[in-house]
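Here the structure is laid out as C-alpha cells; the discussion comes afterwards.
Read from first to last, the chains carry the letters A, B, C and D; within each, the first residue is number 1.
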Amino acid sequence: MRLTDLLGVEVIDQEGRSAGQVHDVRLVQDGPLVGGFGASLRVAGLVVGGRGIGARLGYQRRKVRGPWLVKLLFHWLSRDGRYVEWDRVQTVQPDRILISVPIGDLSRPETPESG
Amino acid sequence: MKRLFAIALGILTAIGGFVDIGDIVANAETGARFGMSLAWVVVVGVIGICLFAEMAGRVATVSGRAVFDLVRERLGARVALVNLAASFFITFLTLAAEIGGVALAIELATSVNYLLWVPIVAFLVWLVVWRVKFDVMENVFGLAGLALVVAAVALWRLGPDWGGLLHGATHPAVPQGEGHPTWWFFAIALLGAAMTPYEVFFFSSGAVEEGWSRADLITNRLNVYIGFPLGGLLSLTLMAGATLFLEPRGIQPGHLSQVALPTLLVLGKLGLAMLLIGFFAATFGAALETGLSCGYAVAQYFGFQWGKFVRPADAPRFHLILLVSIAAGAGLVLTTIDPITITEYSIVLSAAALPLTYFPILVVANDPDYMGDKVNSWFTNALGSLYLVLLLVVAAATIPLMILTKAGS
Amino acid sequence: MAGRVLDAGLHLLDRQLVDRDGRLAGKVDDLELTIPDGGGPPLVTAILAGPGALGRRIGGRLGAWVEAVANRLRSGEDRRPSRISFAVVKRIGSAIELSAPKAELETDRLEAWTRDHIIAHLPGAGDAPD
Amino acid sequence: MVAGALLLLGACTGPVRSVDVYESKAGQTAEVAASAVQTALLAVDAAKGDKAYGRYLTQVLVEAEEDASSAQGTFDGIQPPDRRADALRGRLDGLLGEATDTLAELRIAARRGRFAELPELARPLPKVAEELGAFAEAHG
C-alpha cells in the first residue's frame, strides 16, 4: 500500500454517510525499530474533511499565527475537519474507506504542533 | 571593514541587478505615453519586491529551502506542478527577452543585425553559468549594470523642471486621448517589470548558493531595502527621460535605440557609450539570472541537486535544464519575434503569475517549523496581506485588460 | 510509549531528501505503507521517490503517462517506483536527512544516467567550483 | 476564439462603422509614422552636435524608416470602404510617401557615412511630422 492509496479517498460510515475525504494521515513514531531511524512510524489515524483546499498549508496548527486574514480563511475552510482513529477503519477500497464509527461521533483533529 | 565591503558590494549589485530589459522597456514606453502619471506604480512595485525578496531570502537563509522547494511542500505535487509550468514558462519568456535584449544592445554598438548575435550571446550565457563562480558572476554584472546611472546623470545635467515631474508623479491622472483600460494595462506591465518572479527565485536560491547563515540576515535586509529602491529610482530616471524627450514629440519607443536618445542628447558620445554598456550588463546579468532560475525552479520541484556550489557533474540534471532552456530561449528569439514584444508579454504575465509564488512564501514565512523565531513580524504580515490582495486583484484583471486593450496597442 | 506525532502530508510528503554528504537526492513523492505480519496498523517502511511514484501524485492522464514511462525505463524488473528504506532515514526536519550517500540509492539512476551520457562529455564538467 | 468573435462583430456591422474603423486605422498609422519621423529628427539633432556614434545613428535611422514604411504597408493593405475613405487614404498616403522618401534618403546617407549631410536632407521632416501629428489628432 502507498500513502496515495489513502489520501483523497472518501470516508464513509456504516450508515453510508460521507465524512469527506482523507486530507492527511497521522503517524506516531512508536513502531518496531528500523535501522538508524529508531522506532518506525505507525499509522495512527486519518484526518478527514469536506474541503481539501489548504489542508497542506499547515494552518491547523495553533502556533502558525499569521497573516490572520489567511489563517481565518483556512480555519473556516477546514471547519468540518474530523479525525478517525485507525482501529475504527474497517476496509480500505480504491474508491472509499469504510469506518465503524458514526460520523457524528468523530472528534476534531488536533494537529501535532511540531514536526 | 571586510563586512562593510561585502554589504556595500551587495547593495551595489542589487541596484545594478534590479534593472533588466523589462524595466527598460516598461519605463521608457510608459514615460513616452503617459508621462510620470504611472510613476507611483514603480513605488508600489519596489515596496512589493522588497517585501517578497526579503521574506524569500530570510526563509532560504534560516531553513536552507529555496522558493520552489517550498512551493511544492506547501501546495502539494499536483498544484505545484501547474504552478511550475506557469512560472517556468514566464521565466523562460523573460530569458528569451533578455537574450534578445543583449543582442539588441550589441546591435546598437556594432550596427550588425541582432539576430546574428543571438547564438553568440546564448553561448556566452551558457558558458558563464557553466564555468564562472556564482559570486564573481553576480558581482561583475551587477557592478557593470551600474553604468545605467548615466541616465540619472543626464537627467541631472539637463536640470529639468523637477517640480513639474514631481507634480506629474504625485497627481496621477489618465492623459487626454488615452483610455482608462490602457492606462491600467501599463500599470500592470510596470508592476510586473518591478516585481518579476525570477528575481525572487534567484535571490532565494542565491542565498543558498552563497551559504548564508543567520548572521547574514542583516545583509539580506540591507541588500533588499537599499539596493532595490535605488534600482527602482534608476528605472524611474528612464521614465523621466522618456517623459521629457519622447512624450512631447509623440515618440512611441519600440526599439532600444530610442530609449537611449534622451541620455545621448544631453551627454553625447560618452553618455551613449556608458548607457550601452549599462544595457548590455543589465540584460546579460538578467539573462544569467533567468537562465539559472529556469534550472532552480524545475530542480527544486523535483528535488534534483542544483546550484553552482557543486561541480556540474554533481548537478547533471540542473545543468541539462540550463543548457536546454538557454538554447530554446535563443531559438525563440531566432524566430524573429521582436524581443521587445516578448518583453512586453513577459512582464505582464509576470504580474499575473505573482500570487503563485508569493502566497506559499508568505505562508512559510509564518511557520515556526521552518523559521523558529524568525517568523514574520505583525508589520510584515499586515503589509504582506495587503499585497496578497493587491496581487490577486492584478492577477484577475490582467487577462481581461490584455484582451480589452489588445495588449496596450 | 508515546512517540513523536507527525502528519504524513504536512511533515513528510514533498519534502527535500538530503543525503549523507549534504547532496540533494530527490523529493518524498510517496510513502510505502506495510501491514506487519502479525496484523495491526500499517507501518511506514520506505520513501518512494522518482517519476514512478510522482506520476500517481500528479494524477490524471499526465500522471498516468509519467508513471508508464517510468515503468518502461525499469525494463526487466518489477514495475514499482524507486524506494528508499526508512532504515537509512536519519532525521525528519524541514528536509529529510538520509544516512547513505545518494549514489547508493536506487533513486539516483536518472541523475547518474544524465551525468554519464550528457553532462560528463562537456569540457570542465568535473571541475570544482573553485 | 476572441479573434473569431471580433471578426464576426466586424462582419456584422454596416458601412458607417467600417468608415469609422478605417479612419481610426488611418489615425493610428499617422501616429506611428509621426513617431518614426520625430525619432529621426532627434537622431539628426544628435548628428549635428556630434553627440552619437555613426553606427548607432545608422541603426536609429534604419529602424525609423522600417517603422514608417511598415506602417504604410499595413495601411495600404486595408480596403477603403467608400469614397470618403478614399479621400482620407489619398491625403495620408501623400504624407506617408513624403515621410518614407525622406527617411530613406537619411538612411542611405547614414549608411555611406555622410553624417554631415543629414541636417540638410532632414529639412522637410519637421513639417511632415507636424502634419502627420495633426492628422493623427484629427482622426485618432
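Definition applied: a residue touches a chain if its C-beta (ideal position, glycine included) is under 8 Å from a C-beta of that chain, and two chains touch if they have at least 3 such contacts.
Source: prediction; values computed, not measured.
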Chains most often in contact, by C-beta pairs: A-C
Centre distance in Å when chain B and chain D are each reduced to the mean of their C-alpha atoms: 33
Separation of chain A from chain B, taking each centre as the mean of its C-alpha atoms, in whole Å: 41
Inter-chain centre distance, chain A versus chain D - centres from mean C-alpha coordinates, in Å: 67
Computed distance of Cα centres, chain D from chain C, in Å: 61
Two or more partner chains touched - positions in chain B: 73, 76, 369
Contacts with two or more other chains, residues of chain A listed in rising order: 56, 58, 115
Touch-based graph of the chains, sorted into line, ring, star, complete or other: other
Contact footprint of chain C on chain B as seen in their complex: 63-65, 69, 72-73, 76-78, 80-81, 130-131, 133-134, 299, 301-306, 308-314, 316-317, 319-320, 369-370
List of chain A residues in touch with chain B within their complex: 56-59, 63-70, 114-115
Chain D - residues contacting chain B, complex: 2, 31-32, 34-35, 38-39, 41-43, 45-46, 49-53, 55-56, 58-60, 63, 67, 129, 133, 136, 140
Chain C residues touching chain B - in the complex, by the definition given at the top: 9, 13-17, 23-27, 29, 49, 54, 57-59, 94-95, 102, 110-111, 114-115, 118-120, 122, 124-130
Sites on chain C touched by chain A in the complex: 1-13, 30-36, 41-45, 48, 53, 56-57, 85-90, 92-93, 99
